[in-house]
Each structure stands twice: as C-alpha cells, then as structure tokens.
Amino acid sequence: MTKLLEIRDLHKRYGATEVLKGVDCDMAKGDVVCVIGSSGSGKTTMLRCINMLEEFQGGTIRINDEEIGYETVGGMRRRKREREIARQRLLTGMAFQQFNLFPHLTALDNVTLGLIKVKKLSRAEARTIAERWLERVGLLARKDHYPGQLSGGQQQRVAIARAIAMNPLLMLFDEVTSALDPELVNEVLQVIKDLARDGMSMLIVTHEMRFAYEVANRVIFMNQGRIGEEGDPREMFVTPKTERLAEFLKTSTFR
Amino acid sequence: QPAKSKLDDVLSRGRLVLGTGSTNAPWHFKGADGKLQGFDIDMGRVIAKALFGDPEKIEFVTQSSDARIPNITTGKVDITCQFMTVTGERAQQVAFTIPYYREGVGLMLKANGSYADYAALKAAGSSVTISVLQNVYAESMVHAALPQAKVDQYESVDLIYQALESGRADAAATDQSSIAWFMTQNPGRYKDAGYGWNPQSYSCAVARGDQDWLNFVNTALHEAMTGVEFDFYAASFKKWFGVDLAPPQIGIPVEFK
Amino acid sequence: MELGPFLNELWIVRYILLEGLWRTVSISLLAIVAGSLLGVLVGLALTYGALPLRWLMRGYTDFIRGTPVLVLVLASYYMLSTIGLQLNPFEAGVLALAVFCSSHVGEMLRGALQAIPRGQTEAAKVIGLTFHQAFIYVLAPQAIRHVLPTWVNTAAEMVKASTLLSIIGVGELLLTTQEIISRTFMSLPFYFFAGALYFVVNYGIERFGKYVERRTTIPS
Amino acid sequence: MGYTLNFDAVWRSFDRLLAGLGLSLMLAIVAIAIGCVIGLVVAFALRSPSGLLRRPAGLYVTVIRNTPILVLVLFTYFALPQLGVRLDKINSFIATLAIYSGAYLAEVFRAGLIAVPPGLREAGLAIGLTEMQIRTSITLPVMLRNVLPALSSTFISLFKDTSLAAAIAVPELTFEARKINVETFRVVETWIVASCLYVATCTVLAALMRRIERRLAILR
Amino acid sequence: MTKLLEIRDLHKRYGATEVLKGVDCDMAKGDVVCVIGSSGSGKTTMLRCINMLEEFQGGTIRINDEEIGYETVGGMRRRKREREIARQRLLTGMAFQQFNLFPHLTALDNVTLGLIKVKKLSRAEARTIAERWLERVGLLARKDHYPGQLSGGQQQRVAIARAIAMNPLLMLFDEVTSALDPELVNEVLQVIKDLARDGMSMLIVTHEMRFAYEVANRVIFMNQGRIGEEGDPREMFVTPKTERLAEFLKTSTFR
C-alpha cells in the first residue's frame, strides 16, 4: 500500500533558530492523525511546510509519492516553480485558526472562487459543488451571508467547506477551534468527526484532548521541534511513555 | 455738522495707506533692494507729498489685482493706484480720480520668430496663438486686432512672456508700456509688432461718497501733470516709459484747449 | 536658460527670498499649531458632543473642507472686517488656514478616537478615571499615534495653502518669487528654485513626522 | 462698512462659471482615473519585497508629494516642451494632475494594503490561487473597501487642485471666476458663487462615495 | 452580618429586548461566586450593571448597603452624578475578557495610572503597591514590558493586578480566560485561585466548569436573563435540579 503522506527528516529554520529538528511522519489513506504539544513546539510550522506556506531547509515531504515543493536537479536541491507548487497545494486542503475567509465574498462565493479560478469549472458546476459542501457543514441556508454576518463557528465551517470543496487528498487543520467561543467549538468538531467517518484523511493540530481521544486513530506529540511520542490515543493518554507527555497531559486536563 | 472726510483721517494719521501691486513692471514692482517702485508708486508719492510735504510718508498695502476694489470698499486702504483701467462698471463701485496715463494694447514678438510683424500675424489667421492677461473681455480685445487668432489667458504678466518665450504663444498682447519696459530689460530678443489698439485710461481709485478726499487727490494729480509738480511727473514718466514729455503750455490752462 | 545671470540674480535677492521662506514657514507653523488645537476641540465635539453640537460640527467640517482655501482666505480678510474685526492680511490668512486645518484635524481625530476599542474607555472607567482623565491619559496618547501619518499630510497641505495668502498681499515665498520674476522676468528658474525650497520644507515635515512616529510607536 | 452685495455681474457670466465647473470636473475625472491606475501599481511596488521596485516607487512618491503642484504644472507646460515633450494645455494639466494624484493615491492604497490580513493571501495560496489571482480577486477588492473613506477626501482635495490649471490658461472654474473678478471686481460675490459650486460638487462627490461605501461595505 | 452585594429584581433592556428579567443575588464578604450559563443568557450584562458600565431600568444594586448608580429623589429614580458613579466604581474591580490593557503604557504604568490619578498617591507609593501586585501575579520581572510584548496570559494577569491594586471590595471577572490560548489559561486561573485563598470576594463569569467546581463556594446558573438555579457546585454539578442546567452541563463536558 502506497503512503499518502511521507515526511522524512524535516528541518526548518527561522534565521538561526531551528524550529523543526528532523521530523518523520507517515500517513496512509483514511488515517486521522492528531498533533498535540505545547505552544511553540512546531505543530503549526509542520502543517505549513506540508502546504508549502513555509520554505524548509532540509528533508522531504511526499504526498502520494510526489515530492512537495523541492526537486533535486544535478545534485542541487531547489524550489519548484510557483505554478507547480500551486498545483501541489491542491493535494492538500488547509483550515486555519483564524478562518481567513474572504470578507468581501459571500459564503458561497468563498467556496466557488477556487473552483472557478483554479479548477476552471463553470459557474454552475462550481455552485453545485459548493452548495453540496455548504449543506454538509449545515450552512446552506446561510450561503448568501458575508463572513461578517456569520458567527465564528459558522465561519470556520465555511472555511472547511472551502478547503474540502477543492477535493484534496489530505485535509490539514490547524487549531481550528481555538479562536472560537466555547459554545461554538462543538459544531466545528462535529463537522470534522463527520468527515472522519466518511474516510477523509486528516492531519489535525488541536488542543482538544477529548476530541483527539475520540477521533484520532493516531496521535503525535510534538516536543521542541521533534516528535516526542506517537501512538494510539487510547494507550498514549492513559499510559504516556515519556515524562514530557505525562506533564503536558497533566496541565491540559483543566479543560 | 458735515461727516468727517478721509482727508482728515489721513492727515491726522500722518501717512497715506496706498494699495498697489508688486508684480507688474514698470507700474509697480520691487527692485533688487526689495523696495516698491514704478509709475504707480510715483503717483502715490505725488499724493503723499501733497498731503505731508514728504513723498515717503506712505504705508504700502500690496494686493493682488483681484483685491483692488474690495480693499477700497472695505476701507483697508485710503486709495489704490494699481494700473487700474477705468470702466463704467467699476465706476459704480469706486470713485475714479482723473486719469494719469493713457494706455493702448500692443503685440510683442520674438525677434527671431516666424512672424515678422502685425501683418504677418493677421495673415496667419487661426494658426497663431496670442497670450494675454486674464480678463473677461480679453478674447474680444485680441479679436479686434486679430479676428481669428487663438487666445490663451494667463494670471500674471510674467507668464504671458513665458508663454511667448517657450513657444506656447506666437505673440504676447499686453499694455504697450509693459511691452516697452520688457524689451528694454531684454534688449535684442523681442520686437514690437508695430500695432496698437484698444485705448484705455488709468486712474487711481478711492471709496465712493467722499467728495472731499476725491477732490484732494484729483488736485494733487492734476498739479503733477500740469502744475508745480510737473517736473517730478515728467522725470518719472521718462524713467519708466523712456519718453520726454513736453512741458505744459504756459499761460493757458490745459482745460482751456 | 543660462545659469550665470540666474545665479547672479539669486545672489542679489538672497535675503529677500529668505524672508519669504521664513514667512511661509511661520504662516504654516502658526496655522498648523492653532489649527491642530482648534481641531482637537472639533474632534472632541464630533465624537463625544451632544447630538445638536455634533450636527453643528459636522456641518462646520463638511462646509470648511469643501470650500476652496482661497475663499476662506478672502472671507476671513474681507468678511470679518465688515463685522468690525480688523485683521491685517497676515493674521487673517493664518486664521483662515487654521480654520481649514482644524476641520481636517477634527475629522482625523474623530476617526482615530472611534478606532480605539471601546474596552479602553471601559477599563479606564473601571479604575475610576473621570472622562477628562481617561481622555488625557488613555485615549489621546493612542489617538495621536493613529493620527500622525495623516496629520503630516495635512501639515504639508498647509504649506501648500500658504501660497494663497499672496492674494491678500502677504509676502510669502510664492509672492516674493513672483515679485522677483516681475523685475527679472526669469520665470522658470525662480519658480523651480521656489519649488525646491518648498520641497525642502515639506520634506522636513515628512521626516519630522516619521521621526515622531518612530519615537511613539507602541512596542510589541 | 457699506459694502452691498450685488450679484448682477456674476449672474451675467454664470454660464461661464458653469462651463468652467464642467471643465474642472472633466479634468479631475480623467486625471484621477489615470492617477488611480498609477497609484495602484506604485502601491503594490511599495509593498514589493524587491528593492528594485520599491526604491524608485518610494522616490516618486516623495518627490511628487513634496513639490508644490504649481511648480509641477509650470514644469510640464513650459519646461517639458524645451526637452521635446509637447502637450497642449489641457493634456499637459491632466498629465500633471494624474502624476500628482498617483503619488497621493499610492500612499492611500498602500495603507489599505497593510490593513489586508496576511492570512487571506495564505488562504488563497492554500486553495491553489496564483499570486496574481490573489492580487486581483482578494487583495484588491478587500483593500478598496478598506480605503474608501480615505479615498473620498483624497478625491475632494484633488478635485480642488484642478484650480491650479488656471495658471496655464485652462478655463476651468477658478480661471473663470478670477476673470470675472478682474473685470467686474465683484470679488466677494464671485467667490461666494464659485465656492458654492465647489462645495456643492464636493458634497455630491462625498455623498456618492458614501453611497459606494455602503454598497460595498463588507457586511458585518 | 451586612451583605457585601445585594441585587434586587434587576431589569435591563436594550431597546425593546429585555436582557435581564429580574435578577436577585446576594454575596457576603469572602464569597467566591461563579456565574455560568449559555451564551447570551445575560452574565456579562449583569456584571456590567454592577460596575455601572451599563444603565439598567429597574431594580437596585447595593454594595456594602450603598445604592449603586441610581438614587430616588422625590419619588423619581435618577442616575447619580458622574463623579459619584466614578467613586462607586472603585468599590468593585473588573477584569475583562479582552484584557483592555492600555497599549501605550508599560505593565507597571498600567497599574499605577489609577493609583496616581484617582487615588492621588505619590508616584513612589503607587509604584510600591503596583510592584507588590505585579509580584503577586508573577510578573514583576516584566514590569517594564508593554502589553504588546506580553503573552495573552501575562496581559490578563497584569489586567487583574491593575484592578486589584485599586483595593476593591469585590472583584468582577468576565470570562477572563476565554480569549486565551489553552496553554495560558492555567496561569490566570491559578492567580484567581490564590486570590480566593486570601479571602478576596469575587464574582466570576466563567466557562471553565472544572475551575468553577474547584474554586466557587456558590454557583449561579443564568438562563435567559433569569437565575435558573444556584447552589453549591458539588451538588449542582452532580445532581442538577432543572432540565436546562442538566442540558447545559452536558454540552459543556467536551472541554
């Protein structure tokens, strides 16, 4: 079985400080992997590297056996061309902590924009797809609302619909609930759970331990730019092997 | 008791407040020392001398040409001497003194330009552009001499000349006195097209309704042109216009002619 | 355009030009300072005033901002004298510019004050500050940083507008230049030279604004 | 002080004032439209990571904004022909005002660009848009909504700057007004009427902009 | 024993909608009361009325037997004078969800501002008090930092120090952790717990059920502008009496 995602020895520096110090990670199709870890441990950075929103200095990322972002020509590693990277970004979909909906477009237009401009679908086709996804996230009735007229939870659900409508192989979620009021968290988590049930492959950075426990078939604990521990949440959360994870879990139980 | 005249005000104040401009040679402009000079200024001196026996007792209020009449009607100045053309409409707003100069409009060309003289300009019809000072009647004024010429109107005299110099205009039309002055300042570069028209009189102006004050100024100007101060007037005329005036005829008052 | 005669003339009129420059600078400075102070009052009225006062000020700023500065200058010189307030041209001109400046500053300040999160006022209230204290210690310092860039623009506009005082005979830099030109007839070189002087003044204001901006940025 | 208003002379020439206003509007619309295009390009250049684009753009803005527009007007009209570029007076003024407004608008647009959250660009990248598509479909429309309020007052200032065209004999509103002044000396009356025309136009312009603002407002 | 806080039949309207529909509440000195309830139930509004940040249309609020905000003169209820209200606000201290630190002042100056301008202390006295409180919240080392240079949790702790330094009788906390990243929540909750241990009277709006459980000696459940249920958290959370509270507690367990 070919791997969906394969990260090998990923290194990432900002100037002099090394943020990712050799990360390895594999995912098969249908996997739901949750990434946990304390602030600044590099979770966001890893996700952003997969989507080529950040450059990285060492290691390789492959999706469906295709190398992402870089190529080696005559022994020299170099960045792929912008157009190629734009195409590769479509292999993954990403949802951000801050939603980042386009404020001047309605919910529907937020979703159709990529379908029309990137996938070159007709307006009608794009609309059909967008409406299907908005329905899935429970927002069909609000499709003509602007982001400013939607609650945080609703905005986040539109953002997820926007990403998924592009039909990615792998969805990346970066703390999609942490900018939300507590009441609104569940509606977004429920959407993600539904996607998991449908077999969508997902890599999810989250602070919601209970959610990770329920939805993930594997959990990765990031610690200071490395993978500290990984495994089945049912084991990891109950009997952490490392001191660091045990400590991290202790401070997290408050919520 | 009769209303107090401006004349009394000025006398008790001890100096004349004279409205004039500062950007139009040879009428009123500043010398290299920054002091106002010119023919208008000399007329002011004539009046100051008549008032106080001292031509220097003047406080100048420099004003743009738009401000000439408002400054009189709102009492900011006692009198304005600023190459002011006498017209009926203006005379309804201010009282004009007797004229102290009679002017006509002339045309100035570049010495080495493509038009030799007035006849050549006229023959060229609509292909010539004339630069002229801003004025409602500027167009008809130019067309009286050059019926087909295009007319460009500028805010200040120097821009008229600049238009001619930079080729934006083929001739500059303005007061003959100004043209004459400009040509003496820039010898050999320009020439007069040899045609004058559109006569007009220049007078000082005071507020309406003060006959005493108007009489006084008139008297001062009159005596400068025909009486005791003629030498001063003639010297000024020579200085700014380069023309020697014949002395007034002895024995018979000019009004008698 | 020969340079020699121009430089020669420039040397002759150096003090006269300097005086014009000085007058331009002092007109602008006075107008900016007075206008800004007045503008603060306008801005306060626009933001916190009772409804009738707010409407009045809205009318004031809209009217003043829409009127050509030239008209303000003429109005302040002539109209005020008809109601018995005799100002000399310099005073009348500075007054007109200050009024113009105040309408802009007022608007800017209103925008800046409204952009400050409401929580700031509430936090100030909660620790017992009166409105007056909250404005001085909490709102104003934040508004100033917000206003600074546009304020610099307005200051530059005041320098530009100071040229209009020549209409009522104030011998600022432009009129001085025109006077020199009317004697020497060297229009372009003197206009460009004046342009360069204006550039220096405006550039100075811009640098000053940037400097203050840098000095007052809130560290983060 | 016994000054009685008499508008007869102004009404007699009212049609000329209206024609002048028409020309002013034409100049402003064409010049500002070109200026917007220049401003946009320069604003993006100012935000570019490449100094090769940023530095010339910065120089352009600094030089143009700090030079009095009168000098720019005289320069394009009188000095450029001597360098071989000859435009007629209307085109010459439009070119000047366009370049001038380009510099101002560039700054306005730049401020608007800063206020576009960087996350929007990343969201665009994440759904596979190219940088150019992001610029046209996301950054630009969001930025425009950000700057609309500031744009309105910039447009008004620029509209009023059309009065400088009088200096090179373009018969716009100020030109016509001064012409009437010089002949009839009904200065106060003429300026009252002319400034009413200016204020009315600016008010209409401001109302129009507010309408667009409301229409385009990002609903919240 | 005189009551510290006494709210009687509090009514508050925004235009036509009634947000508080007759709230009664008593607190004695040293009480720590947590207010829970779903979004929009009126928790924030109640706190803001106590501090006179909102006007209210009916009922009375008394602190130490002094009527807050309004007085009845000749049968007419009317608002007290601004100066008087400013003084009464000092009876309570308030910490907000959004911290609302003054961004142009350092942490120290944020705390001293009120001491100097309102309490008219000398600069040196104010400084001593402020430093003591900054030390209490663990931020003495950061006293010269500007808010923008502090993490959310640190900012919130400064905000609490700023409020408490004014020496209020009663501290009001409005969801002080809900704008914080999950990691930073604990440090703020710890500060509040410490204050509780010291006997500070506090009224705390919170979504942190576990925290409410641990720290409160009484919990108030707000429901649609009324008090739905109140009592000891140990009883209420385990055996809620009302249907509404049971439901509310169910959706809250995710975190």
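Per-chain numbering from 1; labels A, B, C, D and E assigned in written order.
What we mean here is this: a residue touches a chain if its C-beta (ideal position, glycine included) is under 8 Å from a C-beta of that chain, and two chains touch if they have at least 3 such contacts.
Keep in mind the model is a prediction, meaning the values are calculated, not measured.
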Minimal step count in the chain contact network, chain B to chain D: 1
Chain whose average C-alpha position is farthest from chain A's own: B
Relative to chain D, chain with the most remote C-alpha centre: E
Interchain centroid distance [CA atoms averaged], chain D/chain E, Å: 52
Geometric centre distance via CA averages, chain E-chain B, whole Å: 82
Chain centre separation in whole Å, for chain C relative to chain B (CA means): 37
Sites on chain B at which at least two other chains make contact: 66-67, 70, 74-75, 159, 162
Residue numbers of chain C (touch at least two other chains): 74, 78, 81-82, 187-188
Per-residue multi-chain contacts in chain A, two or more chains: none
Chain pairs that touch, as defined at the top of this document: A-D, A-E, B-C, B-D, C-D, C-E
Chain A-facing residues of chain D, complex: 117, 119-120, 122-131, 133, 137-138, 141-142, 145, 216, 218-220
Complex contacts: residues of chain E adjacent to chain C: 51, 53, 82-83, 86-87, 89-90, 92-94, 96, 98, 100-104, 113-114, 117-119, 145-149, 159, 162-163, 166
Partner chain D, residues of chain B touching it in the complex: 65-70, 73-75, 87, 89-90, 93-94, 131, 133-138, 152-155, 159, 162-163, 166-168, 209
Chain D - residues contacting chain B, complex: 1-3, 9, 13, 77-79, 81-82, 89, 166-169, 171, 175, 178-188
In the complex with chain B, residue positions of chain C that touch it: 12-13, 15-16, 19, 74, 78, 81-82, 89, 166-169, 171, 175, 178-183, 185, 187-188
